[in-house]
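Each of the two complexes below includes chain A, the first together with chain B, the second together with chain C.
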Partner chain A sequence: MLALIDLEMEKHGRKPEPNIFGSVWRFLRRCLFLVLALGPMPNHIAFIMDGNRRYAKRRNVKEGTGHGVGFTTLTSVCQYCFEMGVKYVTVYAFSIDNFKRKPEEVQSLMDLMKEKIDELLEEESIVQKYGFRINFWGSLDLLSEPVRLAAEKAMAHTASNTGPVLSVCVAYTSTNEIMRAIKKSCARKRLGTRGYANCDGESVCEDIDGCVTVADLEENLDTADCPDPDIVIRTSGETRLSNFLLWQTSLSHLQNPNPLWPEFSLRNLIWAILEYQKIYPYLEARRRLAKKEN
Partner chain B sequence: DDLQTLFRNSSSVIIYSAIISPVRWERRELDLILLLASYASCCRWIWLARTLGSGSLFHRHMGSSVNDLLFSYIISMGLLLKHQNLQLDELNSLAVVVDSEEAKNTTKIKQLLCWLSSIGIKYVILYDMQGVLKQTIRTDLESLTNTSMTPCSVVDAKMVTSLFHFEKMAIEIISLADGKEGVAKAASFLYSEHMKDDSEICYRSEPDFTESDVANALKATGSAGAEPDLLLVYGPARCHLGFPAWRLRYTEIVHMGRLRSMKFAVIVKTMHDFSKKHQNYGK
Partner chain C sequence: MLSSLHLNSPLNYATLNCSSTLLPLRGSRRRTRRDVANESLGSTARPARRYPSLSASLAPAREEEERKEKALLPPSLRPESLPRHVAVIMDGNSRWAKARGLPSSAGHEAGYRTLKKMVELSGQWGIRALTVFAFSSENWTRPKMEVDFLMTLFENVLKESLGEFLREGIRVCIIGDSSELPPSLQKLVKEVVDKTKNNTQIDVIVAISYSGRKEITQACQNIARKVKDGLLEPEDITESHITEELETNCIPEFPNPDLLIRTSGELRLSNFLLWQSAYTELFFTNTYWPDFGEADYIEALTSFQNRQRRFGQRIN
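Right after this comes the complex of A and B.
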């Protein structure tokens, strides 16, 4: 019974809102966001979508249902963020560590990802409606081929969109991203440095400290064309970052609300923004100081 | 009027705790029930809950602040015995991130170190963005231990450039320069190593080193260190302020408030909560 109800919830999330009620709700939302925008608004919010399996377990349904409802939550949250004027949204969908899960669970997650990526590119989807650009960050070569191709297709299809940016981290860990950035920086340095290497194998790097800089690494991270997150929200109350955007979150406000990801709603989002607005002066002062020192 | 009611209820909670504390109650729910009983008898809280909806954000937010305050007083009076016997087997190292402005208060920092030592923490990593702690505390610790680098069984001394001892605790002091700059140094090290070892350099597009190569390079350049299991943030906001990324992968990050209002009981409660944590590491 619960499984059926949850399936209905999933489908319901994809239907357009009914007429008058939907319009009134949209109007009220707009008023609320206008009031919220009187304070400083974040430009980039990152989400660690934690709690899908616990959600399914609590409701005695299959794990896949939890992930499905989680996707519905993702589309709602992206919609609210765009309406509020948040330009960049990043989500942690699948970590490299998650490959350690049972093979059937990993396979069902891959299948779900492919299905949802294809749905996102459908005509009436939220991406088409709002002109989102989609990025997929991570070691995409670790994904199964259908998923990797779907992700590349989605990126190519939305590359010219000028609206908000949704970045999905799949097969991603921060340490892996840093390692790939180091590799790219080294490769570029080698190509770009004059008199640096000859094909007899003689190579010199006289000034080791001057070889690779922080700026070189930041240019080669997956997040190079994206500002650092203002807020990082991990749902389900967990307090760790689990190898997510560790380099980019130096001055991000880390929040860990208790609701599980499928339960994360508009009021949780609004509370997160209010918490951010409370400490914005402190963060802004630290950012200015960090820029001055650089 | 409300404050009086709250005070009366808080006193009754403390008295109940005193009565029941000789019995080792393991169930945390009982603590919560006692506190909820004090809330329920306060008419104004009930009115707020009804007006704003049960489980409303306002009620929960105010409730959790009052909850923390009551807990810290109860713990500091030593009435909750389970908080006195902390199981710290899982806590190999603890990090403390302090806002650089607040880090100038060296008295508080030393008091914090004493408290952590009394709890039984073996390895502490002190961090602030601008290196204020390196300038202030380092000198005091050097004079205290009469040595600037002492080999430590917990951590390989070659990995760490600023390691001190205080009673039975090892203390490492780092700053932003050990974070991103440390990774850049490791990258430069790998770059030079790759150039040295690679004879087919003209033909390969990207070097093929791995995360463990990066970890080894960090060790070789003195930017490596223990990965803290728990990180306490003292400052106005819950931010890690540039703590070295490579060491922050699975660290539990807890915001403790401002340094000037730090309380021993809150640290004890945080340790207790940490001992109950369970990580899947992605599984």
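Right after this comes the complex of A and C.
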């Protein structure tokens, strides 16, 4: 809670007052994370941020408020993850299917996204504090111009950061991502008949059938330079992937805690990691087998 | 702890009516965001098929059959809200056997009996398709004795059950890399698939030596071949083209499962039907597969009925 207050104050351009309670809380958090880190820590956590609208409805407030609080939750969850040493965080912000919603809702979400992306690049934001790199995955050409430009600016601005990585899936579905990867692979392989070096870098591939491999597709996905998620957390208790990272989550530990996304707290995050640590030995064995088979 | 993962939502099940454009949009008309959104849903967001379809053209024998099926449906299940296509990851045979001090072969045999019962119940309750994950491509790394036993089990099951498939109207499809199977099993698979192809009661897809990623890659190869032959331009490739090239297109009406059940408490997809599970409701249970009985199946179907499927949209 105190961390949220800190973030809110930072957002409005005021430095948080030197606060004894804030410092104690930060110290306790660090101790807690040190204890947690005695067990295996996930390298990559993906979140399906479900439940913003239901949150607003339950509290009888305007729908947009739920998304606003959801963004605050996102920044605090990112902060906790990065403090814990989780290197990659991916969030499902806006699906291609969501374009079918009412135009007013879609527009207000686009406006909110632009506002929040601009905020993230501000001087004293969490991005500057942790030096993290931002990716935007999806068919960005489907976004409205201001949002697309803001996203591209954010990616360019943080491209050279070497800290943790936050990937935001926007105008994204996994089937669309795989389709784009297949298009790229096919376009490249067609070029192969005119002299493109084949997959083992040797002579021109005359028979393209043998050349399209799992690795070919993987290198053309949006997620090419990111490891697969260790944990996928979908809030609000729903148990489906809704077209999110289908290829990449084959061996991910799927969790669906009941709290709505704006209610997702540090306690829920720690619980998620403890669940992962419990199952880790078995998961690791399965991953090694999968690697051996490939 | 894991029980928190079972969805016991009081939400009402709602049927979604969406129109979807399956053909790629060509010509000078610019594709809008709605068009892309429609394509991405493909055939997953068809309205739930009303069961049974009682049009006047139905023969009296079929009506009688459907009356009997309705009578067999447990009271907690509503026929109009049943999933059309159920997928199952039959996990836990070895652990079930180990817990009883038996060899893993006993677990697989018990697992087969459970599968038989599930196919029977699915047919009775009007579920139109059942896909089961029998053997993954990663399973080839298991001990040779276990793998050989499983291949023999598959052969014996197919041989012995062919008569039953024909009697019960079960259409069998086998998906996965069949080139890795023993030659005798490959031959038997072809025979069973061929002899049952006209059956209409229920489609049973068995995934043997299957990998979701390899299936998608194979679809990509098929599409690449079409591109090479000039039948398709890379920029015209849509999600529907990919869906058509996947092996689950042996059931073109509903290739994507509505409900996926995984037993034994594991919470992941393990490379099973990755593309097809985009909007699939997932149900995880701690029960080992050999112990998965009628009551567990009813629980899974009831859970499915209570879920609200939105496909990314709003339901007011």
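Just so it is clear, the second predicted complex is superposed on the first by the 257 of 294 C-alpha atoms of A that agree within 3 Å, B and C clash if a C-alpha of one lies under 4 Å from a C-alpha of the other, contacts with A are read in each partner's own complex, and residues count from 1 in each chain.
Please note the rule applied: a contact is a pair of C-beta atoms (placed from the backbone, for glycine too) under 8 Å apart; a residue touches a chain by one contact, two chains touch by 3 or more.
In this text, all values refer to a predicted model and were calculated from it rather than measured experimentally.
K.L.:
Please tell me, clash or fit, for chain B and chain C sharing chain A in the overlay.
P.N.:
Here the two partners, once superposed via chain A, clash with each other.
K.L.:
Looking at the overlay, what does A:108 touch: chain B (first), chain C (second), both, or neither?
P.N.:
Neither partner.
K.L.:
Let me test your reading of the model: by the given contact rule, A:255 touches which partner, first (chain B), second (chain C), both or neither?
P.N.:
Both partners, chain B and chain C.
K.L.:
Tell me which partner A:43 touches in the superposition: chain B (first), chain C (second), both or neither.
P.N.:
neither
K.L.:
Return first, second, both or neither, reflecting whether A:237 touches chain B, chain C, both chains, or no partner chain.
P.N.:
second
K.L.:
Once chain A of both complexes is superposed, is A:139 in touch with chain B (first), chain C (second), both, or neither?
P.N.:
Touch partner of A:139: chain C, not chain B.
K.L.:
Kindly classify A:277 by the partners it touches after superposition: chain B alone (first), chain C alone (second), both, or neither?
P.N.:
Touch status of A:277: no partner.
K.L.:
Mind working out whether A:267 is in touch with chain B, chain C, both or neither, as first, second, both or neither?
P.N.:
In the superposition, A:267 touches chain B alone.
K.L.:
Thinking only about the overlay and not a real complex, which stretch of chain C clashes with chain B: 27-35, 45-53 or 297-305?
P.N.:
With the two structures superposed, the offending stretch of chain C is 297-305.
K.L.:
Can you pull the chain A residues that chain B and chain C both touch?
P.N.:
On chain A, the residues that contact chain B in one structure and chain C in the other are 95-101, 173-176, 178-179, 182-183, 185-187, 189-190, 208-209, 212-214, 216-217, 239-243, 246-247, 249-255, 279, 282-283, 286, 289-290, 293.
K.L.:
Which part of chain B faces chain A closely enough to touch in the complex?
P.N.:
Per the stated touch rule, the residues are 57, 129-130, 179-181, 183-192, 194-196, 198-199, 201-202, 205-211, 214, 235-242, 245-246, 248-255, 279, 281-283.
K.L.:
How about chain C: which of its residues touch chain A in the complex?
P.N.:
Chain C residues touching chain A: 1, 4-5, 7, 9, 18, 33-34, 36-38, 40-42, 137-138, 140-141, 212-214, 216-217, 219-221, 223-225, 227-228, 234-235, 237-239, 242, 266-271, 274-275, 277-284, 307, 311-314.
K.L.:
Which positions of chain A touch chain C when the two form their complex?
P.N.:
The contact residues of chain A facing chain C are 53, 95-102, 105, 139, 142, 171, 173-176, 178-179, 182-183, 185-187, 189-190, 193, 208-209, 212-214, 216-217, 237-243, 246-247, 249-258, 275, 279, 282-283, 286, 289-290, 292-293.
K.L.:
Touching chain B in the complex: which residues of chain A?
P.N.:
Listed in rising order, the residues of chain A that touch chain B are 95-101, 173-176, 178-179, 182-187, 189-190, 197, 199, 201, 203-205, 208-214, 216-217, 239-243, 246-247, 249-255, 267, 271, 279, 282-283, 286, 289-290, 293.
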